[in-house]
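For reference, the structure I am asking about is given below.
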């Protein structure tokens, strides 16, 4: 939306002359990356600030209860907790820059390792959910927009309304209960095998059974996480397409006799999806939040579950590590989305 | 009419808009690009007269109007209103200026706040300046509305309940609320239907006489300008190219642009089809990178050839257009000739193909036969293109055909009907000879 | 030369909105001859754009063509449809409103095509101009590949074809030949360097260039009738002159028929052979250009011409038409001359809806005004306040279907700065 | 402040479609439930220990289930029937599900409304100022907004609650104090931090929308006209920019109430709410006994869905009637 409005201002200025300052994609990316670096710095700083004001002595959290005062003092010294706050901040920032996220207070392992080992599960879940969402939502939205006020539109509208109104943790539980427990269609326990292992098995033994197991286990979490996005994209597609169908170029395309299929898909749907792309980029945050919940419900061994553990234990380094990782993922995905946007919409030059 | 001390005096007014100017751009070392909306404009407006500012979209006329009212901060230049520098005003003097100078906008849909009743809209200036008592203000609003031809009972209605013409009247009533001396009318009728436009123009005429107003009328519509203005300034690409009494501008236009503008308007008479029209080709260049010298030279049918070149005017125009395209690299060499064109090896056509290439290219870019001596030069330039030497090609043409119009920016003289054109600059002429 | 190509009889187009039924076009008759330029002039809300769209079959909900016939002369079409739709055929004419929708749609681009007011929004901003032109060419190519087969014409490119085209280039709608033809078309309308320009996007064109491209697109199918809806309204006057020259030139070369819709009397005078003046959904006066401009009978025509400030002479006071354009809402339309409430010469006879009378001048001059038959009599004039407050609320923007075409952005100049928002000293 | 046209559009959309009617009806019922919860409730929602004689939880009325109970040192199977005493059964600590369902509506709606007000109070001024002044001010404020966007709302909320604690605020219940409902708790706990935190993590959407509006309104001619007769920036912001940007803000606010209800439920589900009366918390509690006593989780979930649907329907109604293009903002 922000983008759209800014262009309006630019548009009227530029179409008068038919000239446009067109930034090369490279320059555009450099800008976005610089902005991204600023955002990540902001996230790191806020997390550091939160930790600094959070109550409780970290040294106490790190040690078992009843540790001696001397030991506490020693840990404080080692961790640099006696330094002035700005020194701590710069140390911390320095660590982040070189990829040193510190050690978990709880398990004393390297935070990077603890984050990295959990990434695949979360990515598998997020990708599966996104695929579910896109495959269902776009056709649904198109049908809804092109057959307005017909039964299929009402069906899609109702579905999307339910989808955006259902809390996903409850949906997950109900799926477990109905499809897992009562119907017995899907397993409900912790998954025995990850995608990587399953593919490895397939490669080594030629047996796809692990893949099937993996699919069975990921089905419910993916539906749980994907429902909200399916509903959202359906709504976006519908309203975007309805808007787009009212534009003069659609009338002009009809007037030149272009087949309806081409008007609808080659022109309208394409133009509808371009701005939706940006909205979806911003939804990555919601997706990550949803993943935290979904992983908790299904006991899915991903980053979200680890984040909740870290929160419960007030394990700040681990928490920071995960949050910063999420921010980096958010920023990178949005840069990709912007680049995609720029390549799809020839008018893009940055605000 | 145009006698005595001017009420408004605009001197070398400049207004640039900057692009690529965010912190990040600075960080990346991008040079801010100026859009030269208004570029050194000077004129006077005398008490009681109507000065017309005419030009096409993007020529900067609206920006000039807004900047001289200090709705935008100028990049450079001065505006004196009643002998005070508008941009130096502060405090009570500024307040006074805000009362004395008002504006009426073009868009009757955007110029009234949709969430206010028309009573509130017209009263707002009085509220801001705390004029009189609330009771008196209300009375004044009724008077104003009736004066512009609306019924005072409509006070509590919202703008969307009115037609375009009525809204424009409301806008005029608002502008009159503070009893100003000076009104900027920014395209006041261009969003209106022609029958309604006539009503509004008549109203403006009456009001001027009744309240002793001075108008700056900004419009793209030449017939409106002719109808109400005393003097006219013609703008092109941020500059005033000609200024003078309305009769002189319309009957004896000096600047080729003014002539072209007048020629282009279709007349609503039955002999329009037979009229001999001389229209101009091409588009207005970008104000980001305006042409050097005279800004109209890229389209001017009377662009001046160098003294030592004997050339037909139209041939010269064609060569200048070609040069323009070469400078913009706006010719696709790959597609010259039939069927896939010529083969470029390392960016050049082979020696044997050269004559054929030049001939093919020439038929594409020049649609008339040139006198032999010019033909030769053009072919020389086109031959450079065969090896993708764009700069050399441009050089060939510019060294031979460089016009005074591109070397020197023509000045707008001081007399009563000056035109910024080298054709009309006697002083210029003598220097050149 | 003097055969009709289009005969519109009793056409009514209405819009059914919540504020009431709007009679945008009521009982309109129109005859357009092959090879002429017929102009329709009127103010916003007069129904001129709706007329154009009705002919093009581009009326969309909540609008509807409620009655009338649109007879189109085309022998090939007659041969195609006479078996399936005998009712729709009369001699060499086919009544388009009797044909099914898909068949009518197949005439777009090939028999009828249209130029719109705002070239910027009438092109898809994310596809190149060349591609969009090539589409129009392709429509014509495919149609002429099966000139006699209705079925082939209406069997459209399917979703399956489109999906396949992303992997199979052979399934693409637009062929290479069409792309090349698109470039030729660009060259024809005077766009320099068409090869490169074809690969540019609409925003890289100036307004005038884009309008040229739109003309090229409309001509791609070599249509019988070109409908030009305010083709120069969004353009500056020097560019307008170029575009009008171009249209004139192309018309002379191809001999096509043009239906030109505009509010600008100058454009009408510049282009048209015959003119119809529209007011409140009706043609109130029609005839040859000379009839309407010099011998006009209807007081509205007179008012319209009197409202235009003269470019050649310094101004006297203008003679505007009082009041506003009527709202066209069904409930508010009385059975009288629709112009009577604004007419300076309204008489008692005007309280009855007038038919079209023959008027002086050429034999084709007609006016929907009693003054064509009788002279104005002071004594029978209606009292000045007969219709009450002449300033009654006018066509509200909601109640005015024409508005979107006619006056959202009429002739306004968008200056560089008004909208740039980029003021950062 | 709300113009005639807005009213007539609202009416028209309302009369044309069934959905806004359902939404309004639903919302009114839920509001009614929430307001008069102490009167409608049959039991003190916090009182535990409502078990059957066998010591098992009641199923909803009309249902029965078989469970194992320990009696006299032996484990035996009994079939438990629902009772009219506990129409929707009891949960796994023996609290009346129906009464808790009513009280849960209070928490959801209160947090939804207060949190949204909080977000509006921060986001709208920031957005209006950024959009109206533009330039460096805009640059700075929007970069801050970018940082906020990079935090998943839920994660930031969790972190903030982790730092500041849950700090529930006990709010006295006027209905009970007025003596209209005997035996009900005299005050209910509002999750204090959660209310503030959901505002803190969602203001950025309001800022974006308000900025966009201000950006276009500042170029409207009526704003220029106001400047030409000397209106101050403050006058223009309050008299023109704010009123004219209200429409999309109202629509967004409606949508945000729904989003925040879901967010609060999620936080409560994860155990970060500060009150046990929340629907989300109840679902979490029922998770352990999902297989045997599914009603414990099911009913509060239905409560959330209905509440969110009603608000979303209202939002859709406003959006359709007022037509701002903000689909996708803030979800």
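Labels A, B, C and D are assigned to the chains in the order they are written; within every chain, residues are numbered from 1.
Simple rule for what comes next: a contact is a pair of C-beta atoms (placed from the backbone, for glycine too) under 8 Å apart; a residue touches a chain by one contact, two chains touch by 3 or more.
Since the model is a prediction, treat every value here as computed from it, not as a measurement.
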{"item": "Distance-maximising chain from subunit B - centres being C-alpha averages", "value": "D"}
{"item": "A-B compared against B-D, more contacting pairs", "value": "B-D"}
{"item": "Whole-Å gap separating subunit A and subunit B, where each centre is the average of the chain's CA atoms", "value": "50"}
{"item": "Centroid spacing, where centroids are CA-atom means, of subunit B and subunit D in whole angstrom", "value": "55"}
{"item": "Centroid spacing, where centroids are CA-atom means, of subunit C and subunit D in whole angstrom", "value": "53"}
{"item": "Centroid distance [mean C-alpha coordinates] between subunit D and subunit A, Å", "value": "23"}
{"item": "Set of subunit A residues in contact with two or more other chains", "value": "8-9, 13, 16-19, 35"}
{"item": "In subunit B, residues with contacts to at least two other chains", "value": "19, 35, 57-58, 66, 106-107, 160, 283-284, 287"}
{"item": "Contacts with 2+ other chains: residues of subunit D", "value": "215, 219"}
{"item": "Contacting residues of subunit B [partner subunit D, same complex]", "value": "22-23, 66, 69, 71, 94-95, 98-99, 101-103, 105-107, 110-116, 121, 124-125, 128-129, 158, 160, 171, 174-175, 177-178"}
{"item": "Subunit A contact footprint on subunit B (complex, rising order)", "value": "19-20, 24, 27-28, 33, 35, 57-58, 283-288"}
{"item": "For the subunit C and subunit A complex, residues of the former touching the latter", "value": "56, 58, 105-110, 113-114, 116, 118, 120-127, 132, 135-136, 139-140, 143, 156-159, 161-162, 173, 201, 203-207, 209-210, 214, 217-218, 220-221, 414, 416-422"}
{"item": "Residues of subunit D defined as touching subunit B within the complex", "value": "1, 3-5, 136, 139, 220-222, 224-232, 235, 239-240, 243-244"}
{"item": "Contact set on subunit D toward subunit A in their complex", "value": "19, 142-144, 146-147, 149-155, 158-160, 162-163, 165, 208-209, 211-212, 215-216, 219, 258, 262, 265-266, 269-270, 280, 283-284, 286-287, 290-291, 294, 297-298, 300-301, 304-305, 308-309, 312-313, 316, 325-329, 331"}
